[in-house]
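There are two complexes below, and they share subunit A, which is joined by subunit B in the first and by subunit C in the second.
Right after this comes the complex of A and B.
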């Protein structure tokens, strides 16, 4: 039964840390976006897209939490009997998404805020502006990939 | 998949045809005019700044009038108005507006005057309202403030800075000066911000009394009313009513002019076009009787254009090839499918001289990879049908918007295809519905509509392998294009060193890796090649690596030390290839993200089971959740497909940085002109 506690904390760590990173990133980009919209409301759609970019880490966290919960049977109600080792393995598997999500979310937010600056001055360079935050996201995706591959290969 | 051939065109004609030639060129929109930046003594220019300013002023006049109309009589726009594009105008804009332009200007002026008057009235109303507000504490006073006293008495009003009753005032006055007695005070109002009072006293005591009051902060009002406040208020209210009536009247007058909106738009565009014409006109080199003009023109229209100009204006026209060293502007020319990717390419950069236009190949990969990332049949169908419907319904929408919608139409189809391959229809919605609401019991791992290929969630390693395989194909295509360019430019050494050696090295390494035990344990797939393939693979890898080591620094002919060091450094790029390749694992991650979030939504929706509220909950959660999932994953797929193209694919062969072809034409804001092309 002990293992279930660890496995569940894994799900929580992934969702919580990645969610925090996204919240910070989206918030930061949102501040920059509001500044642009006060000057030129017609850029709303463009800056909104840029603001959304750091939001994906939180979604990856949710995704990992959900996969974990369904693997350990909590979603179906009850929860399986899980060995201590398995529980710790699941916790370890969840860590990359959580930690990388937190940090990449923060930095992607900063990059997105800078990209919003590009859109403010040169709206026609929107596609390029969108790529810079996407570069940061690569690492969140890689972490997600590691987590998901681990989760699917840990026998429960 | 091509770049339009460009020609250089030089036109020389009589000065009297100057404007008509320019007008014709503007109408056609085929020529990018190159202007000499500096005026030379031999060819003085016409100063058109004055005329240009006048036109610009009228253009702003029309725009301003339109803004006023929008404020008081906003146009009812349908929801998808922005997709509609500009209305079409047949013929030349010069013919349409020239006759009526003074009338249109008058309308614009009238509108602006009406608006000014309206603003004045509004400020008046505000002012009067403020005045009434300020008068409020004096309302109990039933005589004017500046009423003179009688023969023996004085009358004055004023304020004290704190609330007092009459008794309190009397008491502090007697404290101040015991002799004061012949006066009467009326407190008109007392509130936190002060006491308003009226005083009547004997003339000889006025000074002492006021002095005593002043010691407590008494002040006379800065503005004295010459009427009793109540009367004044009534008067002001009447004036406000009048002003409001006239505001309503003015607004009605403005609204009555909303039929002129089309005319004002025409006027604005007319002056916009003329301003541009005069801008060019002012920079043309000319002599007393002739003028000259040089520019770029697409090769396919150069002939007819030259013929027309010669015939109509007796102009002398030269069309010549663009010299080797000159960068010509770039105009892309693609078939219907590839054209949809032009926007994606243009935002990276147009091809330079000697570069291939990669739009066609890129669009194929774009659509393929996009579908793989989103991979849900229902989402794909939604995107495709929405974009398709929009394109059919609004055939005149703006060109760049149309291109993006076309691209998403194809991407939607590809998403549909991959969704069917992987068995994703709103995630696992069908299974959840069947289980929850129809009580179908499905064995573990089975689905109502089974995947045509396999379900990525059950076998992620397999999809990872295929993602990397698609990545390999994508990267090798990029390298192949580079090879093609090398051969086209007859740089065979570069072809051998930068393309063939790399190709050998990477392919050799892959062939060594695939039969290894590491590969087998990762992907659960054991591959055995015949023995000669092993030897061949090793040979390829070693040959490629040696080739790179020896020839990458080939420009340093005799400095072998540096040459080898450069080669070794270039060989280090193998890590770049590794990271490029691993970057394609995002295909798996994003594909899984769509599927898993969709199943989270479905599971949340089905939580209340098979009941009426359960069905209602499912409907709501399904609608909101899938809209959200579609939006966020659409954004993700768009961004990351772009990245794979820009960084991984273009990194192999494409630089971009060409200049866009910007022809001299009628850049209108409100109407499209269909000239006599």
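Right after this comes the complex of A and C.
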């Protein structure tokens, strides 16, 4: 199989898995946010910020997909002639963002939902409540860093 | 699935901020008069425009509000159904007596059950026991028969109370929720302790005790039965052996101290639910916390109306959930 297919698969895996993780996380935090706003609409802004936190994995996936598509020339309208080994290397490079994005998105959503419970009861503890889901973000960023370093190190 | 409760738990967390803390209960106790206490409750949003300053209607409305919220959360009804069993069986008892007396009185029923008092009365009048949940059918038929044939109100109460305890115990053992299991176990265990002590004090027979006591994990029913036949001291000794020293101390203090111990035990069992985010536990805990809160307010209002000293009322006040 042509290396271009594997490279393209990498871009799709990164965007799709990380996007699924974010969708689940934002959805879960959104349910919790709705519960709080039903009883106390004044907390809308605070819970919205917490709901958005798990959305970043999807953005990282999109970023990786853009970089990959750009590197393999698909964005230019054609597509470079890529060796099988290079294509597989690009797929491997995209996996950390995809897999870590999926799992961290789910767990960040759960943590954000629990933090929304803190805001519901103690709105003055909002800053601390933000920190718990933000810690999960660390691992999504590390995975993105690895993916980006690999993508720019693979000669195309 | 745990994720199903995310919305519901977050909403309950918001509602928990309105639950009375011990300091709010202290403020209510500090009200100089009964009317002042009612004004304080109205300021806290208790009752509604229709209830005015009528304490009975205000407290009834608060119970209704709790169940309205729970229904609005669209949680699978079977999950929290067990919490309404005490009121459901009370309605059964009331309906049996009402049918036998032939006088209608809607005031004796609780409205927060999934079978209303009026429906319960109709079911019993028509002897359509299949319209009742399975766990109630036999007890309903037997209690009605007992009242119609023997006019024995006490036996009727024993039949229904036993069925209620059996149903709560079984629902608790079936439940996947830790808080429901703990509630059911504590409810049955404290009821058994109460029956054994009162049975010993009034010299009840072995047949009565065996009929009234319900097996549970916390206490040995056979040990309690044997002890109850020997007297109150033997029951206390059996309870100490089973690890219920606090219950014995409370009983020795007074009947109201024992009732307070029973309620506090349940509140302590549900407190960890304040920190759970993904289960039905916080919902069940909220319902129990509201019941406890309403019970406390009722006691304070009754105490103030009867002119009891604050210290006497304070002794009866239960621990709060928040």
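General remarks:
Simple rule for what comes next: the second predicted complex is superposed on the first by the 155 of 156 C-alpha atoms of A that agree within 3 Å, B and C clash if a C-alpha of one lies under 4 Å from a C-alpha of the other, contacts with A are read in each partner's own complex, and residues count from 1 in each chain.
In this section, a residue touches a chain if its C-beta (ideal position, glycine included) is under 8 Å from a C-beta of that chain, and two chains touch if they have at least 3 such contacts.
This one's a predicted model, so the numbers in the text were calculated from it and none came from an experiment.
Overlaying the two complexes via subunit A leaves subunit B and subunit C side by side, clear of any clash.
Of the two partner chains placed by superposition, only subunit C is touched by A:113; subunit B is not. Judged by the touch definition given at the top, the superposed model places A:53 against subunit B, while subunit C stays out of reach. In the superposition on chain A, A:63 makes contact with subunit B only, while subunit C stays out of contact range.
Of the two partner chains placed by the overlay, only subunit B lies in contact with A:152; subunit C stays clear of it.
Touch criterion met: A:142 reaches subunit B, while subunit C stays clear of it.
Using CA centres, the angle subtended at subunit A by subunit B and subunit C is 50 degrees, rounded to a multiple of 10.
When the two structures are aligned on the shared chain, A:134 is found in touch with subunit B, with no touch to subunit C. When the two structures are aligned on their common chain, the gap between the nearest CA atoms of subunit B and subunit C comes to 8 Å.
In the superposition on chain A, no subunit A position is in contact with subunit B in one complex as well as with subunit C in the other.
Every residue of subunit A that touches subunit C in the complex is listed here, in rising order: 28, 31-36, 38-40, 43, 110, 113-114, 116-117, 120-121.
Within the complex formed with subunit B, the residues of subunit A that make contact are 49, 52-53, 55-56, 59-60, 62-63, 66-67, 75, 125-128, 130-131, 134-135, 137-138, 141-142, 144-145, 148-149, 152.
Touching subunit A in their complex are the following residues of subunit B: 344, 347-348, 460-461, 464, 582-583, 585-586, 588-590, 592-593, 596-597, 599-600, 603, 632, 635-636, 639-640, 642-643, 646-647. Contact residues of subunit C toward subunit A in the complex are 3, 6-17, 277-278.
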